[in-house]
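Read through the structures below before going on.
Next, two complexes with subunit A in common: one pairs it with subunit B, the other with subunit C.
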Partner chain A sequence: MAASELAQYVATGLLVGGVYALMSIGLALIFGVMRVVNFAQGDFMMLGMYLTYYYAVALHVDPLLGALLTLPPFFVLGLLVHRAFLVRVTGGGDPNREMDAQLILTLGLSLVITNATTMILSPMPRGINVPYASRAFAVGPLLLNQARAYAFLMALLLAAAVYVLLTRTDLGRALRAAADDPEAAGYQGIDVRRMHGMAFGIGIALVAAAGGLLATYHPIEPTVAVNFIVLMFVAVVLGGLGSIPGAFVGGIVIGLVQSLTLLLLPLQLQNVGVFVTFLLVLYVRPQGLFGRRARTV
Partner chain B sequence: MARARGWLGIAAVVAVGLLLSFGLTERYHHRILTLVFLWAVMGLAWNIISGYAGQISFGHQAFFGIGAYVTVLLAVTLKLTPWLGMLAGAGVAVLAALLIGAPTFRLAGIYFGLATLAYPLIFRIVMDYLGYQEVAIPMVRDRPALFMQFTEPRSFDLLALALLAATLVLARLIETSRLGYSLRAIKENEQAALAMGVDAFRCKMAAYALSAAPAALAGAIYAHAILFVVTPDAVFGVIVIVQTLVVCLVGGVGTLWGPLIGAAIMIPVSEILDSTAGDRLPGIQGVVYGAALMAIMMFAPEGLFWRVRRGRGAAAPAAAGPPIAAAVSTEGSDAAARPAPAAGSGAVVLDVRGVSKAFLGLQALADVSFDARRDEILGIIGPNGAGKTTLFNVLNGFLLPEGGEIRWLGEPITGLSPHLVCRRGIGRTFQVVRFFPRLTVRENVMVGAFAHGGTPAAAAALAREALARVGLTERADTLPPGLTTLELRLMELARCLATAPRLVLLDEPLAGLSIDGIDIMSAMIRRVRAAGITVVIIEHTIQALVRIADRLVVLDQGRRLAEGAPGDVTRNPAVIEAYLGKRWLARHAPAHAADLRT
Partner chain C sequence: MRPVSRPVALLLAFLLIAPMAVVPTVAVAADDVKIALVVPLSGRWARQGQLKKMGAEMAIEEINSQGGIKALGGAKIVLREADAGDSVEKAVSAAQRVLTREKISAGIGSWLSSLTLGVTEVAERLQVPWLTLSYADNITERGFKYTFQTSPVSSLQAEQALDLVTEIGKKNNRPLKKAALVGDNTAATVFFFKPLREKLLAAKGIELVADEVWTPPLADATSIVQKLRATQPDIVFYGATNFPDSVQVLQKVKEFNVKTIIQGVGAWLVTPEYVKTIGKETMDGIQTVVAAHPLKGQEELVKKFKQRTGEPFMTQDPLCTYAHVWLIKEAAEQAKSADPKAIRDALAKIDLTSGPAATTLYPGRIRFDERGRRVGAIPLIVQWQDGEPFTVVPANVATRPVASYK
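Right after this comes the complex of A and B.
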């Protein structure tokens, strides 16, 4: 196999991985701050794809801009969902049992969103027609799909913005404090419950934007969530549950694994590579690449 | 009585099932009845590993799908009757459970659940890849019964009902067995279960294998009664685990009747909705299931079974405290009657040599050596952070030391698993009492009594005896959250004694007790020693320990600072310095050193 072919697979994997990384950051932020594994994350991504689609169809907004415009409404939606449902099963009580309750609550939410979308918008797949989806940049011997390249750059930009938000602002410091030690954060005057809402809102907004970017080159349908939620879980576990830089790297790795699996296995088995990687990481290093092993006796 | 009621309940379920099956006339109603039975079976199967043992599995459809595919593929390729094929399917599912479980049970809590997600997804992709996207059950017109192709819809009801009855019996047997108690203990507090001799890994594997078999049989029957064409999506898909979760969670997790109640409510509702509105509103079933999961988690997370039972006030509030003090206060004489052996006279039973343990650079234990001798009360003291609890965790196998050796009765036990350490005769209690909150006091102690095997009846007898020893007989049917701190500590001691230890490690048994409580607990500890059990106690307050210990070992910052008779140790300047600092020592020593003892 030519070196250029390998490079092509790596480049494709990186570009796709950038968008996975953005999705996974949202999931990791929610887990990091709230200790909630959000099964409905993929469904918010799907809704973000649809909103971007309607921006493009009804308002003629380019999906790359449309993806950004999903941020504010989905942030508000996240706040509302947190207030309406998640507060009831977060905070106080046995953390293990609580986590089970949250998992099942968000699984229920995911079912409702997927099926309600099917009911309202029909199961028919849709797509956004953008000219750059079928063009490619030629970089040396490599061909980079333009839609994927733009989506990759936007994803990096948003991820950098999240990094600045978390490290350089008061809100970011409060979020990190609430994540590290909710009790101590409470004593410092941080409204932990409000931080949970913020984390959920930001996490949902990020995954919706990632969905918008994905919509430039991926068909839009109500059941698209199933495939991506598992990829996000894999990325987040790979990076260490709750670690945001870890989730970013995890997302990139998943893109690479998916792409490079094609060298070894037929296309239908593409995701088997991802799942096997997932299981291997769990067995060998369950705390992930960046997580610290917590042991309490 | 409760025992008989369980079997009668199963008989009643079968009777009602038969009545319904022979009462219903419409084909469609039979279909719903079959589905209720099958999803109740799936719920019960999931309940064994996720309800009793608390290991939430999001991938249980793996076994359902294996059952369906193996049975149908055997019929297609080898013309094997599904009656045998489904047994083969169950066998393959059990094997798969063992292969999946062996690596996956190394993961705890959320990680286990996430890992289980991956297996059915992999199976699904592989089935697609192998070209089994649609496997039709071959029609055999001449011998339909032999190939499970009944025209009479009632036949499928009865088949599913038979499987339901068998699964109920299986679940009931697990519930009332040693395995059932162990699983519940693992769910409530795995560390405590390990310390009480429960082999958590083996118990989980057994539960997983036992729960795979009914799931596979349900999958095989589902394929013949409902599907006719097996697809990866229909048997490995998300909807399978969703329906399983829905029937269990709505009905109530961890009970025999929960999945049955959930199936009886949710399956007819969703089927009727699907048949009346499914054409106009595809996905209505999913919305209903999703909404049901959300509602149950927000308003009745314990499920309808527990909600109704609690509503009836089944668990009456515990009566006022029994006269524990009276039961125990006379025991001082008991201890006095048996002359305490002089410190250090007995043979060495526990020999700790050069044990070290570090956490992320913090040296919690540095080259610690000491020994415990037969029938003595050895106190290990030291300020907070001295490494006392770490020492116990190394001794009972929770932590692996980086260096050093531990010998128990002459044999090395360094690095032995906690449940094996317990079975060798070293019991322990915890600084913060680790009880099993949803097991009664008697059941808590029974978990300890199972350490050396035996039937539930034998364990109950041992538990009764252990509870009598600590004076908690009257609290046997209470749930631990209703106990006082002293009662909790006594219960934990009883649980530890029920494992028939020859040495007990007591982690701050006096912490949080009133003055009376300290007297009662101290008397109890002397009685334990009088019964021929060596006692090693951790405390950070010297005063209480000086009165009961024969010898003291002092730890400070992971090192052994001093060792000797209580009187000598408390006068040791190094010890005083560790507790009170150099400046205090300079100002008051040695004149006030003796005050420490009072």
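Right after this comes the complex of A and C.
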């Protein structure tokens, strides 16, 4: 095996992993703050892809910019979905209330969104035909797909922005307090229910933006979520449930493992490597790579 | 439990009764002939199901407006569709539902060979004749009496397609020496690749230099296309039935600047969305082997289809269901009955050389052998030219000559 070939596999894995990482951060944030397992996360990603598509088709907005423009509307959508549905099953911050219903709710949301999209927008796959999707940057012997490289950089920027938001702002501190100990946070005057809404809004906005970035090189169809939701969950659990840096690293690891698996195994077993790594990590570190026993973001 | 208050109770009662008032009484007369269409209408193959439905609806409209089934006193044909989804389990339960709810005279479906294998088992058990365009060999290798396969089977397609492309290669002074197999592991692709891998390529003296098979969805196409770049095959036999997978591979082929003939195996490679997603420059020159495609002389049919549906062109999927509905109509005429068993017997004996069904399915004659395979079915080669797929082989029915683009 030539070193350049190995390097190509690593580079490809990193680029693929960057977008997985961004997708997973939103899921981790929602889980970390709200303890909600959001099965509909992939469907919000799919809606983000469609919005980016319509930005591109109707307004001629480049999808890389379009992905950023999905953030505000999806933040609002997240707030609304939280206000309308999730509040009823998350107990509005009361940790003692029963939370089983949330699984059924998010699963139901996922089914409704997929099927409503199929009905309204038709199952016809769509794609944004941007020239950089099939062009590559040549770095020495390496070929880096331009769309994926741009998407990777944007994912890094957005992830960094989330990190700054969580560690350097009052909102971030309040979010983390609500995650760490909702009861104590309440005593400190933090509106835990509002923090849940914020976490859900930000989480949905991030995954929609990840969808927008994905749309630069991946076709858009109502069922696109199923291809990614399992990977998102694996990334989040791998990194430590609810940990933002953990989810980011988890996403990158999945991209790398998917790519490097092909050096050892046939293409048909591409995802086997991911799940074997997943099991190994859980065996050695049940709390995940970055997980603490206590909940945190 | 708290007792329900009066307004809530009234509301519930209203919600229960209202739909009965809104839904019209079933407008189906007793002697209508019902055809089941079990195709994916949701999930990753929903688009193909939708295309098949368009073809069926067009044929039904034509038949009914021309006076229905004459032997049955002008009985009209009605379609009962069911969503096969994207798994064998869903397809089987859809078939079960639609075939047991009311009397169905014949069925059509389910596009993906893996789904068809499951659905035809249900049809066999319930004794409803089933027409399919699916390619996989084993669909008609199980001794079933009610399954009729109108397309040439995968292994035969592989053999005939290889003959056709080696011929084209020789004519263009580009003899084929090295080949690659790239595709997913759905049934039709598996049966197409198997004979190529095991004997056909070797028999033509063609070396197999890459063999890349995956389970959809494909995470990334880089490694596949890297292998193609390293081994430089003259031709790639290509079977990526899942659209996003296929787009990834084709984009990478362009990105890595791999020069080779791409020979698809199936009609999934000729849907309009390819042009919209990756552009006609990438598609032009790519060819695929299909069971049906508009032929010379079918211009009127294609024009009518385009007007009806707004689709930019017509492909195998609507064409085949269009032919299947007409074929069921002919069988019902000959059987003089809407009974599924009588229609099965008529299909088993049929020898059709004229009418819309026969002219749509090349080479223009429909009869089935004892396994239910259409005798003499030959695949066509379709090539993308200027952003549209044209039949290029066989030459006598081609709508354009073969072009060598790359």
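General observations
One rule holds in what follows: the second predicted complex is superposed on the first by the 280 of 297 C-alpha atoms of A that agree within 3 Å, B and C clash if a C-alpha of one lies under 4 Å from a C-alpha of the other, contacts with A are read in each partner's own complex, and residues count from 1 in each chain.
To be clear about the criterion, a contact is a pair of C-beta atoms (placed from the backbone, for glycine too) under 8 Å apart; a residue touches a chain by one contact, two chains touch by 3 or more.
Note that the structure is a prediction, hence the values are computed from the model and not measured.
Using the contact criterion defined above for the overlaid structures, shared-chain residue A:V89 touches subunit B, although it does not reach subunit C. Once chain A of one complex is fitted onto chain A of the other, the partner contacts of A:N271 extend to both subunit B and subunit C.
Of the two partner chains, subunit B and subunit C are each touched by A:T118. In the superposition on chain A, A:L262 makes contact with subunit C only, while subunit B stays out of contact range. Of the two partner chains, subunit C is the only one touched by A:G127; subunit B is not. Taken together, the two complexes place residues 114-115, 118, 123, 222, 226, 266, 268, 271 of subunit A in contact with subunit B and also with subunit C.
Here subunit C touches subunit A in the complex through residues 41-44, 46-47, 49-50, 86, 185, 212-215, 217-220, 222-224, 226, 243-244, 247-248, 251-252, 254-256, 273, 276-279, 282, going by the rule given at the top.
Remark: subunit A residues 37, 85, 88-89, 96, 99-105, 107-116, 118-119, 123, 222, 226, 230, 233, 237, 241, 266, 268-269, 271-272, 275-276, 278-279, 282-283, 286, 297 touch subunit B in the complex. Within the complex formed with subunit C, the residues of subunit A that make contact are 5, 8-9, 12, 16, 114-115, 118, 122-129, 133-136, 143, 145, 217-219, 221-224, 226-227, 258-259, 262, 266-268, 270-271. Residue ranges of subunit B in contact with subunit A, taken from their complex: 54, 56, 103-104, 106-107, 109-111, 113-115, 117-118, 121-122, 125-126, 128-129, 191, 238, 242, 245, 249, 281-287, 289-295, 297-298, 301, 389, 393, 398-399.
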